[in-house]
Every structure is written in C-alpha cells, then in structure tokens.
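Letters A, B, C, D and E name the chains as they come in the text, with residue numbers starting at 1 for each one.
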C-alpha cells in the first residue's frame, strides 16, 4: 500500500536519509529500528509531507504523494504520532482527539453560522467517534482533563488516539512505548495488535527490541540513513551488522530483557 | 550627490543601529517583545538633560548618569511588568510594555511638560567634517557612528565571549533548563535589561544632542524602527542588526533624496522592504530557522 | 440681565424652564488635544481661551453672570472630538464653542456643530473645508491659501527670489499652503526648484537637504511647525545651504528660536500675531499671559485668545442665545484682536492682515503687514 | 428618539460598540487562531474608506456601500493576510504592524482617499428618507454587534474553529492532522478583517468625515490591548476589555476629579490607563476572562516542565501559548 | 546525603505526591520506579526547587526545600530532566558548556571534562557544531546526560535517561552509571526499564499513586512478586 523508492533527505552537509526504499504491505505491522540519529523520524517526516525529500518517490495506495502537502497526505489516510509529544496541552483530551477527525469531516463556516442540521449531526458523530477511540486506548473517564496534565505515558495514548480516530489506512507510530514500564508496554502491544485487527496497517519506530520482535511481522533497519536490513524480525536482529550497529554485542542482559515479553 | 546621500543613509542607519543594539539583546536574544524600549531611550535623553540642567553635571558625567538611570529603569520595567508574565502568551508582555510606555510618556509630560526642549549646551561645537569636495558629515554624526560601533562591539563581546552571554541565550531558549544548569535566571535577565537599556539611553542622549531636541514622546517612532531593524536582521544576529540598520537608513535617505509624490511615505517604504525581505527569507537576513519535528 | 440672555440651552427646548436664571454661569466649550503628540499646542490654545474668559469675567462678565470655559480633550482624534462636542452640547449646554483642535477633529466637529446649531469659532485649524459646514462655523485664522499667496508675493516681488525650494509637512496644513504658494509664485514668474514632503516628528533632514542643495535654490520655503522647522534650519546650515529661509505661522513660537539657535537668524515667515505689536490689545494680552503662564504667547495662543474674544464679544452684544450668537459672530467686524482687526467674510473666513516677521538678533522682528483675500 | 436619551451617552455607546466589533475581529485572528496582528486599524480603515468612497464618489446608497465595504475588506484582508503564511509567526506582530503603517500611509497620500484632506460629507445613515439620529444609529450598530457575536460564537465552535485552534497551538500538528492551514489562515484574516471592515463602514457614516489619522498604529495597539486585557479567545472578555479601556477616559470626562492639577488631568488619565494595562496583565496574565485552566484539572503556570515537546517548540520560538 | 521526609506536592486539587520519604546515601545508586503518572517526575522536580512542596528535603545536612533551583544546583545536584530539555539553538558544545555553568571552571578544566563526555558519547564529538534542537531524539538524550555530567555534581538525578535510546546506547549509559558510581558519584535514577535500573542500583523505591509502596535493596525488590509483575514484565 505504501512504496518508497530511493528516498533521500539532506540537512546541510548531513544526509539523514539516503536512498531508502521500503514497501509496506496492507495489514502488516512493520517495525523500523536503528540507532539514534539513523533517520527514522526523518523518514516519517518525509512520508507525511512535513519534509520534502531531496530525491526519491513515494506512492501511497498507488498514488504518488511525495509532492503533496501534509494535510493532503493525512486526508488520504496516513496518520502519525510524534516522537516528542505534540498535544494541545491546554485543551481537553476529547478536543485533542477530535482534531484527528478534521480531514474526515467537511462542514464549512456557513453551515455552522446558520446552524444547519448537517453540521450538528457531523459534530455529534465526531464526538461519538472520539469518545470511542479514547476508550480504545484506555483513557475512558479522562476525556475532560487537560492533555498537558496527564502523565507522559498517558499523553502518548492521547497521541495515538488522535491519529487513530479517523480510522487511517496507515498509522505511523514514533516510539509509542517510550517512557513506559514493562506492564504498560504490554498493554500498548495489545492495543497495537487490536488496531491492526481492525484493518489498519502500522509502521512503528521502536527501541524496545523485545517488543518489536514480539509484535512486528517484519522489521527494517536504518543505519546512517541507509537501510541495511529488512525481513523477519528474528533473522534481522540476528544479523551481525544489526547487532554491531544497534544492539551491541549480544549480552545476557539484553536477551534477558527481551525474553520477558 | 549619490555618495553624499549614501553617507547620509549610513549615518542615519547608525542611529537606528544604536537604538537597535539594546533591543537586540532584549528582544533578539531574550525574545521578549519589549515595547517600552523607545520609552527607555527617552528616559535616557531626559536623564542626561536633567543631570546637566538641574545637577550641573558635565556632559560626560551626565552621559554616565543617563546610562545608570535608564539601566535601572529597564530593570524595573522587567521586574514589574514582564517577570510576572513569564510562561504566558508573549503577547501579554507586549501589552504590558505598551502600558509601561503610555504610563512613562505621560508621567514625563507631567514632570517636564510635553514641549520639545533643547538639549543643554554640551560644549561640543558642531563642525563639518569634509571627506571630499562634495561629501561631508558633521562631527556629531561621527560620534554616533562611533558609539554605534562601540555598542555593537560590546554586544558581540558580551554574547560571544562571556559566560553570562551564553547563559542569556540559554535562558531565552528554556528558562527551566537554564536554572537547572545553575543559572540565576532572574539575575541574568536583569543584567540583560540593564545593558540593553543603557545602550538605548546612549542612543537617546546622542540623538537628543545631535538634533538638539527632546520630548516625552520622542521614543515612539524610534522604538518601532528598532523593532524593524532587529527583525530585519534576524533576531539576535549582530551582523543582522548592522545590515538591518543600514538598509533602513539608506532606504530612507534615498527615498528622501530622490523620490517624490509617492503613494506611501518613507517609513512605509522601510516596512515594505522589511516585509519583502521576510517573504524571501522568513527568518530575517541573518536569522536561522531550524525546526526538527 | 437683558432679555437676550434668556436661556443657557436654547437648542434643547425641553430643558429650559424655571431653572434658567440670568445670573447662572454661561458655559462656553473648548475642545482640542490635551494629550498625545500635539498636546503642547492644545494646552496653549486652552490656556489662551481660559485667559480671555477670565479677563471677561473680571471685567464684570455678562451683566453679572459669569462665563465658564469647559475644556475637553480630543486626543487629536476626530472621533474623540465628535464625542467631546456632543458632550459639551448635551451635558454642559454650552452656548458657543472655541475650536482649539487640529484639522481632522475640527472638520468632524464642524459638521456636528452645524447640525446641533451651536456657533463655533475655529482658532487655528486650516483645513480648507472646515468652514464649509455652514453658517455656524467661523474661523479666526486665515485659511491656508492666504499664507501661501502672501509668501509668494513677498518672495517674488519683495525679495526677488526666482528659484524656490519647498519643503512641506505632509498634512493638509502643508499641502494647502504649499499649493497656493506654488500657484501664485509661478504666476508671478518664479519657479519651484524642488519640492519634498516631510512628516511631523521627522528629525533627520540631511537627505532632503542634500537634494535641496543640489537644486541650488535662492530661497527655501518650509511649510511646517517649529519643531521640524528648527531642525531643518539647523541642518540646512550644516549642509551648507545659504538660501534665504522662508516660513509660515507654524514657526511662530519661542520654541523655534530655542531649538534652532543661531541658525534661525534671517528666516522670514508669515504669521498673524507678533508680541512686539504696540497695539494695546496685544500688549495687555502679552502681559496677562506672562503673569499667568510665564513665557511669551505664541501665534496659536493668540488665535485661540481671539477666537474666544470673538465669542465673548458677541455674547456681550446679544446674550446667551445660540441663534443670535451665531448671527452676531457672523457679523463680527473690525474686532480688535491680538492678531489684527478681525472681520468675517461671507465664506466665514477671516479677513485680516498677514504679518511678515523675521528673526534678527535672536528675536522675532516685525517686517510688514498686508491684507490679502 | 434623541429626546429621550442624552445623545452624548448614546454616542459613547455607539463608538464603544464599533470598538467591540473591531475587538471581536481581532480576537478571532489573535485569540482563536493565534495570528497576532498589530495592524488591525488598516482593516478598519479599508472598511471606512471603501464605504466612504462608494457613497460619496460613486453615489451609492450608504446601506449598500456598507455591505460592499465589508465584502471588499474581506477580500483585501485575505490578500493582506497572505504574508502571514510565509512569515515566521513571531514576526507576524511586526509585519502586521508594518502593513498597518503602509496602508495608513496610502490613505494619507493616495488621491482616491482624499490624501491629507480625508473624505468629508459622508452621507449619514437614513431610513425611509429620514436621517437616523444618534439613537437610531445606536440601534443599527447594536444589531450589527449582536449578529457579529452570534456568528463568532458559531464559527469558533465549528469544525473550522477547531482547526484555527490547532493552528494556534501547533501548526505542524495541524498539517499532519489533515488541516489545510493556508486556507484556514487566509480565511481567518479575511473574516477578522471583514469584522473590522463592518466597524469601519459604520464609523465612516457616523463620523461624516474620515482622515488617515483615525487608522494608525495607536488604534491597532489600543484594540489589541483591549482584547488581551479582556482575555484572548473569549467573547465576553473582548466585550469587557473594550468597555473597560474605552470607558476609563470617558469617566474622567464625566467626573471632574478635584484635588489634582487640572492642567495635567488628561495626562493622569493616560497614566492610569497605562498602569491599568500593566496591573491587569500582572495579576490576570491571561486577561480578565481568559481561561485560567481546564475544566477539571488545572495546568499550573510553570507548566513548561511537563512538556517533553518543549525542545522542538523552543526551536521555532513560538509566539502562541506554550 | 539526600533526605526527603514527608514530602507532599499538589497541582491545584491533584495531590500528586503524598508523604514520600526517601534517602540517598553518599556513593549509592538509588532507583525510583513506578508506572506512568505515579509521581516520580513530580518528586524530583520538587527536589530541584521547580515545584512548591511541603515536607522537608535535606541535602548534605542542609535544608534545600524552598531554595531557588540555581542555588540547589550550585550545591552540587545536577539533573537530567524528563523530556531532555537541551537548548535547541545552542550548539552541542555550547550546551555542554552551559552544563558547567555553576562550576566556574577554567578553560583547560572545561576542555578536559568535555573530552570525557565526548569519550562517553562519540556521537556528540562528531556533532560539536550542530544545533541541539536538530539532533535526533536519542542524540539529545546523550547530550542531556553529558551536559549534566559537565556540572561534576555530587548527586546526579536522572529522569528516565534511557528513554528513546537504542539498546546499544542504553547499555552504554548504564555502563556509564556504573562507572561514575565507581568514581563515588551518588545517583538517583528514575527508570521505566526496571530490570536495568535494579541491576545497577543498590536500593530501590516503588512509587504508586504518589505514595511509596515498597522500598528495599535492589536484589530483594527484583524478586518481589508485585514488582516482578508490574515492572519487570513478569508473566502474569
């Protein structure tokens, strides 16, 4: 459903993403791993149109999207979360999630000013769907709290709810479990599985190798902006170059941690 | 004539630079929308005048006196009107600053009257410095240019070479993190205001002396122009402040010298240029815009 | 009181009645800028009008009834002037008004005042349209074109200048005077070498003056107020311009000499008032001003004093009836004002001599006076 | 009707309402959509001049010229709002300030606007051939205000209203969530401008004379102060802020205060005005009616700490609420 | 060296930290674990003077509660804050220099310490002139830790230092914690990765809903059932 080819992005002298080709198949959970600064987030930013690539093509559902503005890509059904949480902190959780449904709705100002039935109905629908999504990510009952006053982990859930509310075809998650403990990671893993269960394709960036191997159908590895591996999780993380660049030499401890999930 | 006009522009530009260096610290570096800068500039001019007229100081003493008075006034403004507003929408600072400006302008009108008054005799005679047959400059303008260069030098040394300079930049970006580094943020901000305001008052004194006039609302327009210069240069950039000031001065001087019957006046042209430059370079001439998502 | 002073508020019919006794104070309104950039002028104007009223009361008032001046700030803004006028009429029930404001506010107020049928005498606003509002509005300062014409006549015929540079302030004051000057000067065979507008509050004129110098004029006519004029003369000398400096009544303030210092020497300008005028009315005004406010009165104060005097004289004649007052004001003739003998023409503009003054030995000195129309 | 109401008080209210409409438009732009504007007087002027020119020079009926003026301001504002799309948001205050000065300068120098002489003899509003008196004008502006408030409420609570809110808080997020930020920003400028245009048109016909000095930076700054003092993003706040700052000087006019030197009374008035701005900001930094917190939990003022996203926001040095 | 007694912190009506008492002795590594929203960050923010709190906090025998942050830092506490909070528009090197602000160190001393940090995180050495704000998430985390070390603190507080870091770096960081501990530095460590945290710590506290529910040696905590289940991902 998503096909990137030769995607490149440079910042001054630094090539953050270098000729990356990646295919995402419908219905899968694809893990994107790699050392810090490998270009994973940058790659997401290119996919979602926040950065314009310096080279390469991207097609989504058979349509080229690399030249489209962000909001069009979002409306085409690709939603994301941000590594550095970007919520509207003073607004309620509910209002934050409603934002995610913008592209799915269409009533304009006149409808609102004139109080048209269609606008009202649409608004009700937005509320209902948002509430349902909030429940799905496990924040039921906290709809009215200011997003900024939630703890870090809960803020991540709101981020996911916002991206999820519009039932995107493709969901991009940037480190969804950062700052969560093992039990919470487990919950998040279940949530992501459930989301996929409803037909949403998922690409996720993670540093929790245990989780990635347990959850993902496929894993791609970026190092220094280049893709060095792509395939079955177990086989990928066993590759020596991946071990060297990302995991460090195998060590009981890492394996021990990984074994827990 | 063109050369003379360019020189006029440069010397006018240095007046703007002199006013803007102080603002570069406060607005450019600290990112505080400080609309009372023009008023501080006025306070400086009046302090020097009062020092000479009422306390019979020599010009040089009065000049230092003005720096001290304005510096203190700037610190007080920050303390009273800006500090309580940290962490809220920056526009509140702007409004608070406008309030301070209105207050002080009118207080000075009560104290000194709203008339324009002449600057006291400084003992410096205006003389004309001939650079060539047809190009000349007054000595007072040379002082302004010198002071402008000195101000810029001071700013550079302060920001680039001192620990405090770095701390100011850090505090501007993230006050909490700066305090976690052991920076006494309040003190750093106060010092910045002191220096920025002292520089503003240097400008006020020299301009009042050069044009032999001062009045309580004298800071309004220079204050706005200083904003224009700081933004034009790209917030907080030292070369930006110089180039911004020169552009403004030269544009005004050329439009005065060569154009007539326009639908907009020279101040408007200055802002027109500002907008055009910002459209081409959205972060100002020497500004950097970096965003990581 | 004579029957004429019946009611203090004839315009709002219902409000008159038993309460209106002849011995009540009679209110005259004044509005102008008391705050803001032009507050100095407004304050002088108000002070002058106050002085006139005070003297009037001291001389017995209107058959024992005191006159009170109610002053309102218009902040130099038209909409504030509109409200000020409305307040003076509705709340203070003034019988007449002195306009101590600049052009914009005066224009707005003039239309309103005509509608409310309250007579007004404009002190110093020169907007050409201001008196077109109707028969309730007169002006004691001559309209801009007169000054321009007078200076053209003087520059070309008396001083034999042929090539004049003009700098004018970019408001109606500057544009009106300059327009008339140019027309007349060209008619008389002189030429405008270069013209440049400037703004109130401008300080640095070096570029304009460099351009002026390049045009090599034999006279430099500056149409503006003393602040900028002082800066211009100072910088003109620094630029090395030796041309004869000509000006307008905006120069006529002691501040011009204070700010321009010796550079003002020799500049000649048109005005309508000079403190060295030996006529008793002028001398007593100057004396009273000095006693009350210190310093010397300027042109603007004299105009405001005269505007108030016009109103007070009419009041003396016909009493506090707006309709009659209007009539009496319109018929003002040869009234001995501080700025000459004041007569209102059919167009409600003043007819009085234009005075030429020059700076000599650091003082304003009378040159000549001539009536134009 | 003027027989029943003191026309002076009526006039105060008329101008008060005109300022309220200016304030509402600015609040929409700045409070709801985060686009700080220091050039609001320009839109006010465009509305006033459009209606004045159409009704004097083209002889169009004032009612129609006012409607046309609103449409024209809407269009002009949309165009003038375009730079806001390019310019970094913390420079917007300065660019709009510049725009304001440029446009005022145009009013002052162009032929069509009467240049330095302004435009006079603007026809007053009349109904069935009779000129509306002060009270009649009050009724008209009051109706206009009610309509403005109603529309503003509806707009800000609509889907586009939510988009404005997101743009104010975080433009990157807005884009990533499918919001057409360009369109929304131009739209908010156009609507905010149209509000000012309506205020301007009413102003012109009320004044009968307009000149460039009525549309300067002071007006922009005053209106912004009113909106911020009242509370950004609050309709009640704007109404209150305008009333407070507008009536303060008027009170001085009504009650002469004894014991102070009359010579300086008006300066004391302005000092108090400035002081009030400082004091309100100091003790109610979000304005008198500003949101102090969320429905249930309160975000503390030192809330910066929560923000893990602070480092990225910091890079852009956002002007909008952090 | 750090003694917290009966600490209470509230956000308006939210009582986020209740009656927390905690000690960190000289040379120890103490870890504070707990789920999202338990109040860990709130506790350390109170230590650093960023939040008004009730109770008592003593450091080196002196009360520090109520002191302004910069004074606390000058007394020798450095913190790696949640969310990293590096200075986005300062370069990597300037960020590190800011870290040493409270020390007034000489130029050569600074250079030496900087080399030490570059040794720990070679990536930073490669990027000396890059703006902090454009670094990747993990790179920023390294910078934040490096910056705190530049202060040569006596007590180092780390709020989730491993967040967002690649496994290889996490291991490096925990190695670093072990190393600096060997050098006598005292550490208060907040971690979600409880297994890792308990492996370097001497003692641990478990915080739930703002209250300390367990505290014990790291070894013993590791083997407690509840801890295993909730924080170590032990099979339920």
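In the analysis below, a contact is a pair of C-beta atoms (placed from the backbone, for glycine too) under 8 Å apart; a residue touches a chain by one contact, two chains touch by 3 or more.
Since we're looking at a predicted model, the values are computed, not measured.
For chain A and chain B, which third chains touch each of them?
Chains that touch both chain A and chain B, as defined above, are D, E.
Where are there more C-beta contacts: A-D or B-E?
More contacting C-beta pairs are found at A-D.
Farthest from chain B by Cα centre, which chain is it? Let me know.
A
With chain centres taken as the means of their Cα atoms, state the distance from chain B to chain E in Å.
For chain B versus chain E, the centre distance works out to 43 Å.
Using mean CA coordinates as chain centres, what's the gap between chain A and chain E in Å?
Inter-chain centre distance comes to 28 Å.
Taking each chain's centre as its mean C-alpha position, how far apart are chain C and chain D in Å?
Inter-chain centre distance comes to 35 Å.
Taking each residue of chain A in turn, which ones touch at least two of the other chains?
Within chain A, residues 41, 50, 82, 84, 149, 152 contact more than one other chain.
Which residues does chain C have that touch at least 2 chains other than itself?
Within chain C, the residues that touch at least two other chains are 35, 39, 43, 170.
If I count partner chains per residue in chain D, which residues reach a count of at least 2?
108-109, 172, 267, 270, 293, 297-298, 302-303, 305, 307-312, 314-315, 321
Can you check the complex and tell me which residues of chain C touch chain D?
Residue positions touching the partner: 14, 34-35, 39, 43, 72-73, 75-79, 82-84, 86-87, 89-91, 103-104, 107-108, 111-112, 127-129, 170-172, 174-175.
Would you mind writing out the residues of chain C in touch with chain B in their complex?
35, 37, 39-40, 43, 170, 195-197, 199, 201, 203-208, 210-211, 214, 227, 230-231, 234, 238, 240, 255, 258-259, 261
Per the contact definition, I'd like the list of chain B residues that touch chain E in the complex.
Where chain B meets chain E, its residues are 163, 166-167, 169-170, 173-174, 176-185, 288, 290-292.
Along chain B, where are the residues that touch chain C in the complex?
1, 4-5, 8-9, 11-12, 15, 106, 109, 113-118, 126, 128, 136, 138, 207, 211-213, 217, 221, 252-254, 256-258, 260, 265, 267
Hey, which residues of chain B end up touching chain D in the complex?
My answer: residues 31, 33, 80-81, 84-85, 87-92, 94-96, 98-107, 109-110, 173-176, 224, 227-228, 231, 235, 262-265, 267-268, 271-272, 274-275, 278-279, 282-284, 289-293.
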